[in-house]
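Look for subunit A in each of the two complexes below; its partner is subunit B in the first and subunit C in the second.
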Partner chain A sequence: MKKDKTHKLKLGYKGDVKEVEITLPDDEPRPFDMTSKLDIMGKRHQKVDAVMKVTGRAKYTHDMKPAGMLFGGFVRCPHAKANLQSIDMDKLAKSPGVKAVVDAETLRMPTTIRYAGQPVAALAAESRQALEEAIRNADVSYEVLPHAARVDQATAADAPQVHGNRGNVRAGRDPRQLAEVNAALNSGKLKVAEVVARTQVQTHSCLETHGTAAQWNGEHLTIWTSTQATFGVRGQLARGLGVSESNITVIGEFMGGGFGSKFGAGYWSLAAARLAKKAGAPVKIMLDRREDQTDTGNRPDSIQDMKMGVDGDGKIAAYSVSNTGTPGIGRGASVTNPMIYDIPRDMTASRRGEVATNAGGAQAFRAPGHPQGSFGLETVMDLAAEKAGIDPVEFRLRNDSNFVRQQQYKEGAKKIGWADRKKNGAATGRFRTGYGVAAAKWGGTGGPRAEVLCRITNDGSIEVRNGAQDLGVGTRTLLAVVAGEELGIDPSQIKTAIGNTNDPIGPGSGGSRTAASIAPAARQAAFLVGRELKALVAQHLNCEADDLVTKGGKVSSLTDGKKSMSFKDACRLIRQGDISAVGKRVRNWRDATYMNGVAGAQFAKVTVDCDFGIVKVDKLVALQDCGLVINRLTAEGQVFGGMIQGLSYALFEERHMDRHLGHMINSDLEMYKIAGPADMPEMEVVLYDVANGANNCSVAGIGEPTMIPTAAAIAGAVHNATGVRVTSIPMTPDKVLMALEEGGK
Partner chain B sequence: MRNFDYYLPSTTSEAQDVLKKVKGARAKAGGTDLMGLLKDRLTAPDSVVSLDNVGELTGIKERDGGVWIGATTTIATVAANKTVHRGGEAVAEAAARTGTPLIRNRATVGGNLCQRPRCWYFRHPDYPCSKKGGETCYAQEGENKYHAIFDNVTCNIIHPSNLAPALWAHDAKIHVLGANGKTRDIGIDEFWVLPEEDMSKETVLEDGDLVTGVTYTPGGRSSGSAYVEVREKQSYDWALTNAAARIDLSGSRVKDVRLVISAVAPVPMRREDAEAVLKGKAFSEDLAWKAGEAAVADATPLRDNKYKVRLLKATVAHTLIAAAQRAKGGK
Partner chain C sequence: MSEHVTATYRVNSEGRTIAHPAHHTLLEVLREACGLTGTKHGCELGECGTCTVLIDGEPQLSCLVLAREVEGAAIDTVEGLEGRDLHPLQKTFADLGAAQCGYCTPGILMAAKALIERKPTPTRADVCEALSGNLCRCTGYIKIIEAVEWAAALCRGESGARPADASLYGVCKEKPHG
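This part shows the complex of A and B:
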């Protein structure tokens, strides 16, 4: 019988402490809080699979080559809008080397073409050459229709319709308080900043393209796939193929990046499975870079039309914002603006619209809606601060009551050298330096379902298993660190398994929830096996189990220094083989928490070459909370990665849609530009260890918030350096030079 | 990519033999451009002749007052070479700014001069553009942010090679072994072909021609050269504009000057009008900016590349300033 146990916890961060009492079943360990003395968690741990990765022993879906494997691929439509009239499937099937073909109907793919590159048939062949030849020689006929691949085309009068006759523009509703907000903005009593900010479409550009290998053994299907949701893929395949989930194993032990674009099984997985069945041989489909860039998702663009009014105290008193974005043929281009600042709700009027275009559909992308919203909001914030004559950091301190971010603004300003900041536009000469700031918030404290198996064997070995994937962030290592903390064992001594749906269930890696969902389950599993082990040791050493701790590779009595044995020896007390337990993620303890999300801020220092219009980021400082840190090394890695992706978004990345034939014209990694080593600034990461009390590890996600404010902080710094605001990203030389010219600089 | 026969000769004459005899054979040096062309089916030869084992085409030598660079010398070698750095600064800089370390270790000088343009319409398999025998230059009215601002009526490609303007600033000659077995030298000013002249190629080379090397004229004691390139990214990106200049000074007076601009037209362009602004005058930064103005005076930018005019002006000015600085002894 479970008994309840009451714990007194100290939650919060430095000067802001909240004492709470929480009653939990006794199969839950005492939650970590500000008083917890952690030996392993929060330290720096090399990834347990680092050596495998750098030596190439880690096998990705791209590397899979089951015996007899065929190469799968797609016939794709080269028109952005068309009706598929006919396709000669017999000819395709008879092409040299082709072993199986599947048509669009079987794959439940539409025959109405709505974007260039849409697949119309799948095939598998003996070699890549045979596959390519068959695709090149396919006989397909289309009724070609006028398209609206670009936003300017989709919003023009008489624009071709993307979805039936629905109209391309969904304007969004005017909020109730619009009149009141406008009245305040026009009252003459407020200092009002007004601006239209624009952000571009960003593609995920994962290093490993999307793809799947499928193999049938009788009725059982094994799928290797580059995914961020092994269990999600299993469910989708089961539904799509009419096969029960118990007959499908999804394996994704290593994957090369997802950023939100790899939740679904994808039509390529369904096609691979169907082709493999038909051909009686394993089939692998890896999309090539062009396919990946056009057809696996993207971050929608945005146009954000904003007005912000500031009162005499430097407080935001009224705000109106109207957003539109294009999700292509998909849904969900909404921009998260406003966010963060203490803008009175009843004096905020926000409207959200969407424009459909004949282009690849949007997918979730690292902090969906937020980086674009941040760029818009922080742009108008900086302009409002300028209008009100208030320093941008001071303006944020006045308008953001979050305690953690208050500390972050102050510390970040010191670290970047904000005191050296001149007034906007005061710098002269060819090279001008400036400073900028922006803020982030995110949820990501996790939740069910996640189950972790922990097993200790009488030879002293420890194993921790979960079937979810490691998005590349270090989830595998996290299992070892959390179990290691609970059992007092170095993580390098712990075996881990991840990325196979035969193991216990875990979450899809989205919303920065993986760590915060899995870690508490891993801790509970280790706690439960540790408790059983302690019971055996208590008997053996003749003491109370409650008096024992597992620490430093030993099981020892707290009260009697002589009663102690090594963990290994303790394991020998296990009579039959092993002890195992499954930890199950329970819901977050909402009423007892300090904070149910995370706080962050970033600062940028840039130098603008005003002759060439080049923005060089000199330094970025990120101050980020992710609850209590599990692995400082990989947590920092997430922040570095977020800043790099944010910098790349700020300065380089952009999908270019061609107006003629409607293709993404830079569907490669040459003219789709991503920051490289020489573009890197000095980067500093300061982690804020906030005991948030959301779960038994007080952990929250860090993957997404770290990309939110970077572009906005860089844009603020460019503004400060040059005195002109570049209101559109990426801030490429054409835009920088134009802004300088318009600003008379 | 289409299957092809692969030849691996070890001497120039063997290579030439295959190129001559096997119809449609293509030379492969580093392969950094050819691989992309093959994969995107911009070329589909029956045979590929690798120059990997042809040692005699590799090297850098001082010869008769010039500097000879073998065709298969890698760009990394050029960037690091002491002889090139002494008197051929623009060439060394252009090499150092090319691609990535990976590319520079593989890519060769000959291949660099013979590489095909990067226009995104030309490179995209689904665009039958005029350069591929089609009827339309999609860039003319389409997405032309990165396209030409000169000579951009029929085809809007920009010349891709970094080395070309730098070698031209040093009056280079290109050595060619023809299909007839005869060698000839082509002045770099005569090496390029405008789309109006022949849409199917960018150089005067004929089928079976093999570039064996280039020879450029290094600068003397009171001469300096420089190459300046503007690009969006500092790692692995193509030039938005670039320029190379060589200046010979007599005291502070400009005795002679070469100014070549590129990445702004289908071919690199020597700008004698801008050179004239400087010639015979005492060099000053002001004058360099005036030369920049002269260099862009007849630009005809398109909808999305007007910024390249302002950029080119600054590129020219900074190139000239850097070259003059070196000529004055501030190498």
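This part shows the complex of A and C:
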């Protein structure tokens, strides 16, 4: 019988403590809060799979080679808009070395071509050379049509239509408060800043390209895939192939980067499975670099037209924003703007539109909609602060009531050296230094479904298993740390398994949900196993099970120091085999929590070379709410990684589409520039351990919020250094020089 | 059918005689014929650095090297880095969390090994330059650079402070709650 138990918890962050009472079933451990004395969680732990990675023993999808494997690939259309008229599938099938072919219809791919590089047939061959020759010699004819690969082409009068005759522009609807907001902005009573900010298309550029190996064993399909969602892929393949989920195993033990682009099974997985069935042999399809850059998703670009009005107290009183984003042939280019700040809702008028283009479709990308929204919003914030004559940090303090971020603004300003900041444009000479700030907010407290299996064996070994994947941020290690904390065992002594759908279900890694979904289930599983073990020990030591704790490799009595035995000896009391339990992730507790989004702020210090327009970031400081930290080493790693991707987005990355051919011109990693080692600034990470009480570990995900404010903070610093605002990213030298010229600096 | 050749390669000090299509790159021979998949396939365009190996001690992009051209040369891959114990670079990368997804790691380890053998006391600029051909998309270089510097100190026989505790560069301060 489950009994309920009431716990008194202290939640929050120092200076803002909330005492709550929560009643939970007795199979839930007492949630970690500010009073919890944690021995293992929150410390630095080397990743349990680190040695696999540094020795080359970690096997990624690209490394898989089941016996008799064929190489799969695609015939692709070189035109940005066309109708497929014919394709000689017989000839393709008879090409030397080709073992199986599948046409577009079987793959459920449209024969109307809407972007350059769209696949029209799939094939598998015994070698890569045979595959490439067959693709080169394929007989395909197209009716080539005029295209609109770029936004300017798509929005021109009589532009070619991207999707049938639906129209390329989907305009946002005017909100009902628009007239009122405009009246306030035009009243002359507010200081008003007005700006149009633009952001670029960013590609995920994962170092391991997208790909899948498929092998049939009778009716059972085994899939190795570079994925962010093992269970999601299984479901999509089941639907796409008409096979039951119980007949599919998806394996993704290691993967080389995803950032949002590896959620779906992808047409390549469906093609690999169909080709493998047809050929009677395993098939691996790994997209090549060009395919990966053009046809696996991207972060949509944006144009954000904003007006912000500030009252005499330095408070934002009215805000109007009109956003458009370009998802290519995809959907979902919406920009998250406004966000974070206390802008009165009835005095905010926001419109969101989209422009379709003949280009590869958008996909989720680390905090979808947010980094672009942050760049826009923080741009108008800085300009509004300047108009009102208020320091940018002070302006944020006045317009952001979040307690944690208030602390972060103050601490970050000290760490970056904000006191040395001169007025905008006060610096002179060739090299000018400036400081900027921006904020972030995210959800990321996870939820169902996630189940974790924990098992202890009578030889003292502990195993923790979950079927979800690890994007490299340390999911395996997390299982060991959380179970280790609960059972009092060092994480390095715990066996873990992830990335296989034969194990208990886990979430797709998106929305910064993985850690926050899995950790509470892992803790519950370890708690349940530990409880059974304690019952055995209680009998053996002749004490009460409630009086026992598992700590420091021992099971000991809290009241009688003599009653204690090692964890290993305790396990010997398990008569037969092992004790196992499955922990299930329950919904976050909503009432008794300390949550108002996961808070973050970042500061940047830059030096601008005003002769050449080159921006060099000198220092970045990130202050990030992480809930309670599970592993400080990997949490810091996430923040560093997010900032670097944000820096790269701010200064370098941009997809370029050719106006005439409609191709992505820089579909590689040389002309599509991402930040390298020499671009690294000094970086400082301050983790805010906020006991949020949302779940039994008080954990929050931080993969996404850490990338949101970086570009905006850097842009603010460039503004401060030069006195002019660069309103478009990436802030390449041409744009910086143009802004200096126009601003007369 | 493409022409096959039989060649003997010295991979991690071990002779391997392999028959393979004449046009295969060193990357293909290592990964497919030798089964040494530690060397990664990232772009096959010589842009990302994940396939970096050492040829006679020099870092080279194995995707741009025709295998036949390096017959007889000393080829070192990540699989040969570990002796009786992990190489100092492997230890420091693991300890500092310098491998997030880990896909760029083998190439970076090999480029770094060449650097610290050539220049036992590299400056930060030396490290950045030596790794400038290696892209990393998730870890973010900071810990990578620190791991190389720390490993160089260990190779010099210095105990060397663990950078995260006394970092010049990526300072991380513990901030306990409550």
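A few points about this structure:
Here is the rule we use: the second predicted complex is superposed on the first by the 744 of 745 C-alpha atoms of A that agree within 3 Å, B and C clash if a C-alpha of one lies under 4 Å from a C-alpha of the other, contacts with A are read in each partner's own complex, and residues count from 1 in each chain.
Convention: contacts are C-beta pairs under 8 Å (C-beta built on N, C-alpha and C of every residue); 3 or more make two chains touch, one makes a residue touch a chain.
Since the model is a prediction, treat every value here as computed from it, not as a measurement.
Once the two complexes are overlaid on the shared chain, A:567 sits clear of subunit B and of subunit C alike. In the superposition on chain A, A:472 makes contact with subunit C only, not with subunit B.
Of the two partner chains placed by superposition, only subunit C is touched by A:34; subunit B is not.
In the superposed model, A:733 makes contact with subunit B only, not with subunit C.
Once the two complexes are overlaid on the shared chain, A:129 sits against subunit B and subunit C alike.
In the superposition on chain A, A:603 makes contact with neither subunit B nor subunit C.
Once chain A of one complex is fitted onto chain A of the other, the partner contacts of A:644 are limited to subunit C, with no touch recorded for subunit B.
In the superposition on chain A, A:677 makes contact with both subunit B and subunit C. In the superposition on chain A, A:652 makes contact with subunit B only, while subunit C stays out of contact range.
Comparing subunit C and subunit B on the residues of subunit A they touch gives the larger count to C. Put simply, subunit A uses residues 129, 668, 670, 674-678 to touch subunit B in one complex and subunit C in the other.
Within the complex, the subunit B residues that touch subunit A are 1-3, 41, 100, 118, 120-121, 123-124, 126-127, 136, 138, 141-143, 145-146, 230, 232-237, 240, 304-307, 310-311, 314-315, 317-318.
Against subunit A, in their complex, subunit C makes its touches with residues 1-2, 21, 23, 28, 31-32, 35-45, 47-48, 50, 77-79, 81-82, 86, 89-90, 93-97, 99-106, 109, 125, 127-129, 131-132, 134-145, 164, 169-178.
Residue ranges on subunit A touching subunit B, taken from their complex, read 78, 116, 129, 132, 136, 611-614, 616, 651-652, 656-661, 663, 665-668, 670-671, 673-679, 732-734, 737-738, 741. Remark: subunit A residues 10, 13-14, 34-35, 42, 44, 46-47, 50-60, 62-63, 65, 96, 127-129, 205-209, 254-257, 259, 286, 288-289, 471-474, 628, 632-634, 636-637, 640-645, 668-670, 674-678, 680, 682-691 touch subunit C in the complex.
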